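Which chain is which? They are A, B and C, in the order written, and residues in each are numbered from 1.
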Amino acid sequence: MASKYPRSLRCCLPLCAFILQVAFILLFWFFISYDTPQMQQKFTVTYQVIQDLTLMAALGFGFLSSSFRRHSWSSVAFNLFMLALGVQGSILLDHFQNQLFKEDVAINLLSIQKGTMSTVPVLISAVAVLGKANLVQLAVMVLMEASAFGVTKFVKKKYFHVEDHIITMYGHVFGAYFGLLVAWCLSRSLPRGPGEEAQTEKVQMATSSSLFAMLGTLLLWIFWPSFNSALVKEPNDKKKAVLNTYYALAVSTVTATSMSSLSHPQGKINMVHLHNAVLAGGVAVGTPCFLITSPWVAMVLGLTAGLISIGGAKCLPVCLNHILQIQNPGGIHYTFGLPGLLGALTYILMHGKNKNSIFNLTNQMINDFGALSFVLAMGMASGLLTGWLLTAKVWRAPHTSKYFDDQAFWEFPHLAAGF
Amino acid sequence: MASKYPRSLRCCLPLCAFILQVAFILLFWFFISYDTPQMQQKFTVTYQVIQDLTLMAALGFGFLSSSFRRHSWSSVAFNLFMLALGVQGSILLDHFQNQLFKEDVAINLLSIQKGTMSTVPVLISAVAVLGKANLVQLAVMVLMEASAFGVTKFVKKKYFHVEDHIITMYGHVFGAYFGLLVAWCLSRSLPRGPGEEAQTEKVQMATSSSLFAMLGTLLLWIFWPSFNSALVKEPNDKKKAVLNTYYALAVSTVTATSMSSLSHPQGKINMVHLHNAVLAGGVAVGTPCFLITSPWVAMVLGLTAGLISIGGAKCLPVCLNHILQIQNPGGIHYTFGLPGLLGALTYILMHGKNKNSIFNLTNQMINDFGALSFVLAMGMASGLLTGWLLTAKVWRAPHTSKYFDDQAFWEFPHLAAGF
Amino acid sequence: MASKYPRSLRCCLPLCAFILQVAFILLFWFFISYDTPQMQQKFTVTYQVIQDLTLMAALGFGFLSSSFRRHSWSSVAFNLFMLALGVQGSILLDHFQNQLFKEDVAINLLSIQKGTMSTVPVLISAVAVLGKANLVQLAVMVLMEASAFGVTKFVKKKYFHVEDHIITMYGHVFGAYFGLLVAWCLSRSLPRGPGEEAQTEKVQMATSSSLFAMLGTLLLWIFWPSFNSALVKEPNDKKKAVLNTYYALAVSTVTATSMSSLSHPQGKINMVHLHNAVLAGGVAVGTPCFLITSPWVAMVLGLTAGLISIGGAKCLPVCLNHILQIQNPGGIHYTFGLPGLLGALTYILMHGKNKNSIFNLTNQMINDFGALSFVLAMGMASGLLTGWLLTAKVWRAPHTSKYFDDQAFWEFPHLAAGF
């Protein structure tokens, strides 16, 4: 019986988090300083983008995964913790990378913007792991994934000559497969037991936490054009990025709702499908959004992403759960993984279109495919490594029976009163 | 008993929505293209307004009507579906109208802004119909109302020479009376039955979904100045529009709270009154907001709107429910209908003030009254037509006993597990 | 038994609120007019700041205190009422003060910004009082506190030559101690009774209202940089204010989470700690944010604020509840009071750093300490006065057994149906 009680994190969590935080402060002390003044106008625009991104990261991703009946507190609060840690880590990594490239090494508002966008893959991966890992494991995952994504970005910039915007958009794919592999490792490491039945009850959605998840989805839906256009530099491309993202999201909303109804014997809509599939259009259009010159292309992409996402949600759980033994209630594979791949392939096709000779075209496509494969390989390899690391006993992982249970991590006042 | 089960939408909804979506994509393909580059600065300002409006439309109106105990999922998700469909339809309609006027026919960020503002009347109407119609009926309503409002805008622009801002603000009145007439048709078409008692339980508010409705109200409250000032062109008028809207909203909040307390025998405040009446000030000040040159005028308007709104909420249900047999739990009549009329009348009075001769004044007022009457007539006529259309059996309307019930439309995981 | 029923506010509340509102409208009529046109660009920037601040005040502070099981409606709605009243009052006060200083007396967008920032101390105080006072008492408190803070600002500007930014940031300390003293007076004035046990059940958090409180916290977290930088004038200082606030918030989030786990015997995290302590970093960095030139200083400040806040939450309730008999479930003392004092002391130390002679330094520090002591003294004195005033029978304060109970103030439809 005793082993069923949550293993105490009292020494482990504060020690790890505190040492990490002090280390970050020391690194900031030695290496980071603010840059010289910049213009007022630029400040306002950049600050607005940062606010949109922080809103998406803290509220959107936080509430997106809050639909489980007994795990909503952890989803929201752990997401904020990972964001706060991830942004600091990403800013430090970016800084050291820039020093290697001999680029501008001062810290400004753009650093926070880039740091937030680099943390988004971490938050995506976390959706697959939340409920099965404690906060120490998540902090380790944040560090591992931020480093792996930093290395990926560095290699792609140096050897594949890929722009910042493309690298960041490949982050969806990176985050999705990283998270899936970590979840696979965690689920393999534990013996199956009688806790499974109890778990089924816990992963059920409650009506009001589903509304919170809808709030997260809607916030992501509203601010997704900001995310897709944040790193596009040329003003006209930025405008196209916003418009294309908007149309793709609108079409994928209509498609997702109708397809979800088609996939149920009585024509009922599944809320979880909707939470994920309405965003698929925005993910799919992410990489090529600044290249698309007509709204209908973005709309077709949104339609395809919606179909893939709902199709994946109906068919993939069967394959993944039973063959690979990955449990994936958050559905990041068909929200971020598959639509992200669709977007990457569309980008590779569109990117080659303007090349004049067949040699250049082939060259370009090989380079682009190489970059995409590298992201996938890095995501899977680092995910596997991280997953293997997280199965170590030292992290005091929660017992299977405590999966998706807020009571393992949170002090409930009305329980304390009952003691 | 069998008839009590929800009629399956499995074939109907996906077919309608999918065909509609593909038709929209084809129309976009043939007719719509992006415009030429525009300046960076203009982009930032327009994009911010679009975000505010999308936030109001998707989150504000979505959660505003989510206070029913068992209908909150449908309210939020169907609202997003209608928004995604309505914006696409409005952009297409706008485009064809502009071609008739030989105006600029390219699509840019402003098209999305105008499309969102044209969809707001649809979302207002939907508040009266939500819970009594399925998603196919709502999609038909979106198409009918968007077309009717498009025709109204066209006629008013061509024959009454009314500006864009005024037409859009009349949309509150249009949407409110359209929705009321549709709800009247729907309630007339069905026999009264034993389902009514069950319904009473369903329209009760739950504490936490009331908080979601409050969230929607607050988001509308905060961003209403953006809505009222979005189509005002001259910078100084825009500033006045924002300030007047802010003061009117502040006063209507104080008024609504105190009047709601006065109207209850024990001085208790009604949450539903509050959800609606705090917005009445913003609606009332909408049409004349750019003409008002002193804050106190806007404040008096806010005070009057708050009084009308609470007064209407106490007295009108009795008349409407028993005489006209309209059930109107969302209260759009006294949130958008009456305050919108108050605003329109104030505008007509203020608009004539600057005319130098009595002939011009009379002429102006006749024209303005004509425009307002035309909006009212169009809203009621098209509402009646739409309502009559929606009572057709082909739409598989939900049974009365399934009114305001999420289970008619949604797959609940914990029910599926119980089978 | 009869005395246990809520005392009716039917005559009292509408009368007070309505007279107050009409008085405000008359004062606006006689004294306030809009200023002359200003530039478009300036408008956009100011309007964005106003939206951020209104979002923080209406949604952030509204939901921050909504975590009690049976008091969430009152928290949110009363907060909006106080905001609407407080902004109007602060604009009027500011206007009369400016007339005394012979400054620009016209009303523009900046007036609303300043008014909202002056109302924030009122909303902070209200967190300590909410649940123990009715709406009439809160309205009186708004008037008293707005006036007292107005006088404090006037004296500090005239005699201590303190800038607007500093005065506004001292508002956290002012609001916290004002609220604590009012709560102390209210708790002293009432006899202890059997209602206390029932109250314990009521102050328990519900899972979903805790998520609403988390929503409020997250919104405050996201927009706090806007608050801290709103009144900083020089663009480069503004940028530093935003960056420093962001880093301090990120560090205080990590610190708060890990310290909250350390302070529990089984390493569990307390949600209430988290709601408050993640903001402590932003409060602490508020006053000196524009002076700090390296991110690590802000991060150390965030770390210290997180430690103080969690330490205070664990130790202070024991002292405050048992010795001073102040019940403070909202925790404003360790969220706004102590971190605010930390920030003020840091500012005083940093402000003196650049003085060249020891005489100037001493002079400066005496002046700064005087200003801080004056704020503290004014906050406590006016809080004591207001608290004493609010214990008068004329306000029909709710009975102790009705503390933290929405049913004392709100009409619940499902109860009405049961009659």
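Following the convention adopted for this analysis, a residue touches a chain if its C-beta (ideal position, glycine included) is under 8 Å from a C-beta of that chain, and two chains touch if they have at least 3 such contacts.
Predicted, not measured: the structure shown is a model, and the values here were computed from it.
Two copies of one chain, chain A and chain B, touch each other, and the residues they use overlap weakly: the shared fraction of interface numbers falls below half. Think of chain A turning onto chain C: fitted on CA atoms, that turn is 120 degrees, to the nearest 5.
If each chain is reduced to the centroid of its CA atoms, chain A and chain B end up 35 Å from each other. Residues of chain C in contact with two or more other chains: 41, 44, 48, 208, 215. Against chain C, in their complex, chain A makes its touches with residues 6, 8-14, 16-18, 20-22, 24-26, 28-29, 32-34, 37-41, 43-44, 47-48, 51, 54-55, 58-59, 62-63, 66, 72-73, 76-77, 80-81, 84-85, 87-88, 107-109, 112, 135, 206, 208-209, 212, 215, 406, 409-411, 413-414, 417. The touching residues of chain A, counted against chain B in their complex, run 41, 44-45, 48, 52, 200, 204-205, 207-208, 210-211, 214-215, 218-219, 221-223, 225-226, 235-236, 238-240, 242-243, 246-247, 249-251, 253-255, 257-259, 261-262, 264-272, 274, 278, 293-296, 299-300, 303.
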